[in-house]
Structure formats: structure tokens, C-alpha cells
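Here the structure comes first, spelled out in C-alpha cells, and everything after it is commentary.
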Amino acid sequence: MDTLVQYLQYLVNGLTLGAIYALIALGYTMVYGILKFINFAHGDILMIGAYTGLFTYTALLGESTNAAWMLIAFFIAMLVSMAFCALLGMFIERVAYKPLRNANRLAPLLSAIGVSFILSNGAAWLFGAQSRRFPYPFDDTPIMLGGISITPHQILTVVVSVIMMVVLTLFVNRSRMGKAMRATSLDQATSELMGIDVNRIISMTFAIGSALAAVGGILSAFDFRVYASMGTMTGLKAFVAAVIGGIGNIQGAMLGGVILGVLESIGAPLLHIPSALKDTIAFAVLIVILLVKPDGILGKNEREKV
Amino acid sequence: MLNFFQLIIIYAGIYALMAIGQNCITGNTGMLSLCHAGFYCIGSYVTAIICKTMGLPFWFSLPVAAVAAGLVGFLIGVPTLRLKGDYLCIATLGLGEIIRNIATNVNPVGINSVPRAALFGYQFSSRNKLTFILLIWFFVMIAYVLFRQLAHSRIGRAMIAVREDEVAAQSNGINVTKYKIGAFTLGAAIGGVAGCFATAYTLTVSPGSYTFMVSVMVLCMVVLGGMGNLKGVILGAFIIEFISYFPQLVGLSSVIPAQASQVLYGLVLVIMMICRPQGILGRDRYRYGSQVKKGARKAAGAKEA
Amino acid sequence: MRILEAQGVSRIFGGVVAVNNVDFNVEKGLVNGLIGPNGAGKTTLFNQITGMDKPTSGKIIFDGKDITGLPAWKISRLGVARTFQNIRLYGDLTVIENVMMGLHFKVGADPFKGRFVQAVKSYFNAGRENRELYARALEWLEFFELDGLRDEEAHNLPYGNQRELEIARALAADPKVLFLDEPAAGMNPAETAHLMHIIERIRDKGVTVVLIEHDMKLVMNICDNITVLSFGQKIAEGTPEEIRSNPQVIEAYLGREED
């Protein structure tokens, strides 16, 4: 019985982690869907998001300890961070990727690695190497549910992620812009002929993906703190999540994120491997998925046309 | 000052070896791999273990390091090289991290005071940098000659064909998978050799020094100098090492932190991709028909047009 | 005499039947045409035969050997060469290097055939091998009158020359059968006429040619026999005259007339 409770606890933790991966994975998947390239710098955008959120939050809060204001300040900080990252994402796309749209496939990937390096090392330079705690905007005493402890920040994480994903799904499926986005990912040339401003759509995709990454960054900061290289591993794992779900597929990214979060949380105790090797699970899963079903769970089979 | 120059030349040599290996994988065969730090790590550890734990001479560890790194490259390559560009990049990145992860778990403190390499009783020590420069660059020259011959052979041309178009390469009777695995193994092996020399110079290994950053630096060298161009790759190694030691060289290491040079690597990658994707020296142009005079060729071309 | 036979070949992508139980015969020494409206499954059939893709069912016999499901590189070494609908040259290599690639397995020891020693030999003999490859590649360029462009990078060539170069590269391997996938696509009438002349010369060299083409004038003038595909199925085969007057073929191309 005890072990069951324990595993339920892992499941809860895994779902929280999975929600964060899902948010970040969306950015990878949306960009891949349209431009067919991996935005390596996406992980570092989440780091920038976490820093922006942290600085805005502490600035807004000042000395105040008013509970309501703490919560409001937190959400304002989140919005500011989303806006900032959206602009940053658009800027990066404009400067580092757009000139390479017709180059060979390696070029934008290398450029993205470069951007990632600039962001993470630039942050280490500006903000120092030490990690910072992201203060909880509320009392984070765990709620006990039959032996399983659920903390308010876990609830916040899941609620915010679910809202974001629902809004995104509605946006992509219902709005004109979302439809244009899907059209562009299906066939860029034809969309252009249909009068869709492809450049604007790509810009928009980067903006949305980066804003979601900012949220993911802030939410992950509760558990993992804020530091310059925080985005590297989380970003990579979110990418793995996107691949599991089927890269280019929005629902796939959400599903993949949750699956990876749960696997990572349950996998180490289940397989009795030291938690220091937890990161290896994600990569092992990645390699297995790529070899067994490279198009992911929900992905479509895409072949190179001969 | 002179000391730092010598240091740059030594590290440029070690990294030039790595870059030659990366060039074989990325420059010639077109596979974007990001785990050269892992091969470097393996080479370093193998050397440290053979020289210190087993007490065997350095010259014995050199081939073993190459074989060990090559073997790991082969084992990594067989499952992952089926993947296309971006996927391969991520998978190799993950595997590089796994190698470091394992090294950190097995040996968190590293290995210190490895015995020096010796040749006919002469010991190569870091105090006498000049002889070490001769040693390392002798091997860089050997690697250069060997890989140049490879690039200009039938096998090397087939590797380039794989880079240019895998489907067409198959239709020309090239077993793409074998060439990819072969190139990857070879590149990994030379990365192991670089690790071997790094240990011989510093006489220590620590798992913290084989990060993803090292792989990116090596990739930078290849991109900067010119993918597939061995001279360019060696030039790239010089430039990157120079950037990395520049603060110390001008005595400003307290003002300019290490991150600054890493930001610079990032900028180098982005700017090169946008402005000169073929690298400083560009592609290696080997004229098989060197007997054909340039003027005659132009005239013939004009007639054809 | 049949040099190559596809027997009941089908290829299903997901739910789409791209090629449906097709028998396709290639007669030795002739120019064999394969025509059909867009999406009829011509290129898919080519891909099954040349090993770029595996058939869902059916058999492919080449020169008396069953080659079904062999990897493309092995099939090409047996003597099946091809060109591609969307030209696939080695863009960064020079014109002559492209042809040298076509000769890859024709010169010296055969590297990477499980014989490490041979690969090492090839490595050390690179200079001699290169001279031989160069000389032989040059002959092919002269055949196509491309020798003046030998040191140009392939991607800088005009479109028509790129098509010719791709054929030269395929021919350099001295194949028994040459598959050409829409070689005249995008060519002007003069270039097409030149192409026709080239195909005739290839046939006269004793190489069997299989031609996918939409240019009916070219097909009708040059092909000795024609197979017609429509929606993945073979609807007709015969001489150009027979095909020209076949009502099913006319229907496939022009659609049924409403009464």
C-alpha cells in the first residue's frame, strides 16, 4: 500500500514536470512545423523568461507582504516576461534565422546553436554564475490527500499550463491567424500564393512559442531555481518530449511532455537507478523513440520524396 | 606573454586534432554531431588510466585511446546515424552528455599526477613548452597528411557524395550507412587522440572539463575555417583558441570574464552562417586534372557557353 | 528478350495504393517508355525497381536474379542506373567530380565491401585511381559535350546541362539498364531534340533505356514500346502506334466524354 502511495506521489510530481515540458515542447514543435528546423535557442529563452519574471516580480513586490498583491504581482511578472520573451523570440528569428531560410539545412541549426551560446553565456556574464531562488507568491505548505502531498505551486503549474494549452489550441484551430499558421506549416509556397504573409506567421510562431517558454521557465524555476544554464537541460528534454509526441504536432507536444515528465519521475525509482542518472532516461527514451517510431506517437510519416 | 602564446599554440594543436576529427564527420560527410567532447573525454581517461593506474608508457596509450574512442564512436554511430540532420545532432548531444554523466558518476574527482610522456628518456613536461609544441604539431601534421589523402581518395569523395545527396549517392552504388559509420568512427578516434595529448600535457583529467561547450568550440573551428577544408579547420582551431586566451594574453582576465569569449563563439557561429557559410577559406578545391591550365579551361568554358 | 521484369508489384502508402499489382517488362536493347498522367505511380514504380523503396508485394527480376528489396546501392552495382525527376547532382562538386562519382565502383579495388584491406589499398592508390577516374570521366563528358564545363561546380550549370550531367553520371557506371525519370522536364524544344539524340546514342551503345516522360512527341518518336499507368494500374502496353489509338489511354489522359 505504501509503495502505491509512493508511486502516486511520483505520478503527481511527474505530471507537474510534464506540464512544464509540454509548455516548452510547444515552442519547438510549432517552429519545427513551419520551418523544419530545431530552434536550439528555445531552451535559453525559457531561462531569459525566468530571469525576467524573477526581476519583475521582486521589483513589483518591493517590501510588500500583502498576500493578494503577491499573487497579482506574480501574474503581472508572468505577463511581462511573456511579452519580453515574445519580442526576443521575434528578434532572434529576424536576425539569426530569417537570412538563412534558403540556405542548406545545417546553417540555421548552427546559427541557433550560436544564439543559444550567446544567450546562456551572456546571462552568466550579466547575472553571475550563482543560482537564485524564485520566491513562492503564496504559502507553499503542501496539501495532504491520503498520504500524497500536493503543493500549491504544483497546482498553479498544472492550472496555468492547462489554461495556456487550451488557449493555444483554440487559437490555432479557431482564429484566422491560427488557420494561417496551420496552412503555412502544411505548404509554405501555396500559403504565400493564398495571400498569407508567411513572414508574419513565422514571426508570430516564434513569439507564441517564446511566450510559452517564458511561462515554462517561471514555473520550472520554483523547483529548479534560476540560473544561466537552466534552459539547456530542460530545453533538451522538452525537445525530447516534442519528438516523443511527434514533432510538428501540437497535441503531440502536450502528450509527449506529460509522458516524459511521468517517465522521468517514475522511471528512476522503478528501475532502481541513481537519481543522478535521471537525465539519461530522457535521452535513452529519445533514442529508442527515434529508432522505433521516428515520427513520434502522433506524428505523420514523412518521407523524403525521391 | 610568450608563455601564453606557447599555450595557445599547444591548445590550438590539441583542438586542431579534434577539429580534424569533427571535420571528417561534419565537414566531409555532412553529419552534424555534437559529442566530440565525449570522445575527447574517453581519450583522456584511457591515457590517464593506462599511464597512471597501469603504469604503462604514454606511447602505448596513444593507439589504445584512439581505438577506445573509435569503438565508442562506432557503437554510438550504429544506432544513431540512421537519423537525419537535426535528430542526429540532438541524439549525439544527448550521448555526449551521457558519457560525461557516466564519467562524473564513476570518477567524480578525476585523476591527478599522471606520469609524463617520454621519448628516448626525454620527458615532455609542461615547463618546457617548446618541445611539447613540437610533439603535438608533429602529430597534427601527420593527421593533416593522412586526412588530406583520405579526402582526395575515392573513399573521401564518396563521403562528400553522402554529404551532398544521400539518395544520389545510393544510386551511385555507395553504401551510405557504412560510409557514415566509417567516417564517424574515424572522427571519434582522432578525438580520442586529442584527449590523449591533452592528458599528456596537463597530467590531470577531471570530468568537469568535457562539457557540451567543448563540442561547440570544436564545431565552431570547423565552421569558421571552412567545412571540409583541413587547412581551414586548423586555422579555425588557432582563431578559437586565440579568442579563448585573449583576455589572459592582454592581461585583462579580471576585466573580461570567460563567458565573454563564449559569447564571442556564439557570435562567430551566427555571423559566419549569415555572411560566409563556407568558412574563411571556403571549400577545399582539389583539381584532379591539375594538368589542365586555368586559362585553357576558361577558354573552353567560353566556347561551350 | 526481357532484361528486367516487375511482377505484380504493389506499393501502398498508408491507405493509398500508389502502384497496384503492376507487371512491367523491360526489353533488352530497346527504349522502353513508361507514361501516364500525373500521380499514376510511374516514379513510385521506378523507386521500387531501383531499390529506393521496397514494394509492399510483388517481385522484381533483373537479369535472371531476384532483386526485390535489395538496397539501392547493391542494385546499382548490379547494373541499374537512374536519374531523378528533381535533379540530384552533387551540387558542390565539380562537373567532372560528379561523373567520377558515377564511376565510383568501377575503378580499382572495391572498398567497403567487407574488405578492409581493399579500402586501405584504395586509400594508398588514390593518386593512380584518381588519374584513371579522371580520364574515364572525361570521356563521358566528351560524349555529352560537357568537357568544357568540367571544372564548374555542378550547381552553377544551366538547367539543361544539369540534366545531361545527371545522365552522364548514371551512364558512367556502365549500366545494363538506365532509368530516366522525366529527363525532358523543363527543357525547351531545342534542348529536347538534343536529348532525343543523346538517348538514341545511348541506345546505340547497347544500353537498355527506360524512360518516364510527359513530352509525348519525344516518347512517341523514340520509344520502341510503351507501358501506360493510370491510378497505379497498368492500362495498356504496346508499340507507340498501338498506344496512340488505344481508347483507354485517351480516356486516361483526356477524361471520359459526357454523353
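Which chain is which? They are A, B and C, in the order written, and residues in each are numbered from 1.
Quick note on the criterion: a contact is a pair of C-beta atoms (placed from the backbone, for glycine too) under 8 Å apart; a residue touches a chain by one contact, two chains touch by 3 or more.
Given the structure is predicted, the values throughout are model-derived calculations rather than measurements.
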> If you average the C-alpha positions per chain, which one ends up nearest the average over all of them?
Replying inline: B
> Most remote chain relative to subunit C, going by C-alpha centroids?
Replying inline: A
> Distance from the CA centroid of subunit A to that of subunit C, rounded to the nearest Å?
Replying inline: 47
> For subunit B and subunit C, what's the span in angstrom between their mean Cα positions?
Replying inline: 39
> Taking each chain's centre as its mean C-alpha position, how far apart are subunit A and subunit B in Å?
Replying inline: 32
>> Can you list every residue of subunit B that touches 2 or more other chains, as numbers and ranges?
In response: 167
> What are the residues of subunit C that contact at least two other chains?
Replying inline: 52, 84
>> If I count partner chains per residue in subunit A, which residues reach a count of at least 2?
In response: 306
> Which residues of subunit B touch subunit C in their complex?
Replying inline: 149-150, 152-158, 160-161, 164-165, 167-176, 178-179, 182, 283, 287-289, 292, 297, 300-301, 303-304
> For subunit A, which residues are in contact with subunit B within the complex?
Replying inline: 37-38, 95-96, 99-100, 103-111, 113-119, 121-122, 124-125, 232, 236, 239-240, 243, 274, 276-277, 279-280, 282-283, 286-287, 290-291, 294, 304, 306
> Which bits of subunit B are touching subunit A when the two form their complex?
Replying inline: 26, 30, 32, 34, 79-80, 82-83, 85-87, 89-91, 93-95, 97-98, 101, 104-105, 167, 212, 216, 219, 223, 257, 259-260, 262-263, 265-270, 273-274, 277
> What does subunit C use to touch subunit B in their complex?
Replying inline: 50-52, 71-74, 76-77, 81-82, 84, 88-93, 96-97, 100-102, 104-105, 107-108, 111-112, 119, 122-124, 126, 129-131, 133-134, 138, 145-152, 169-170, 173
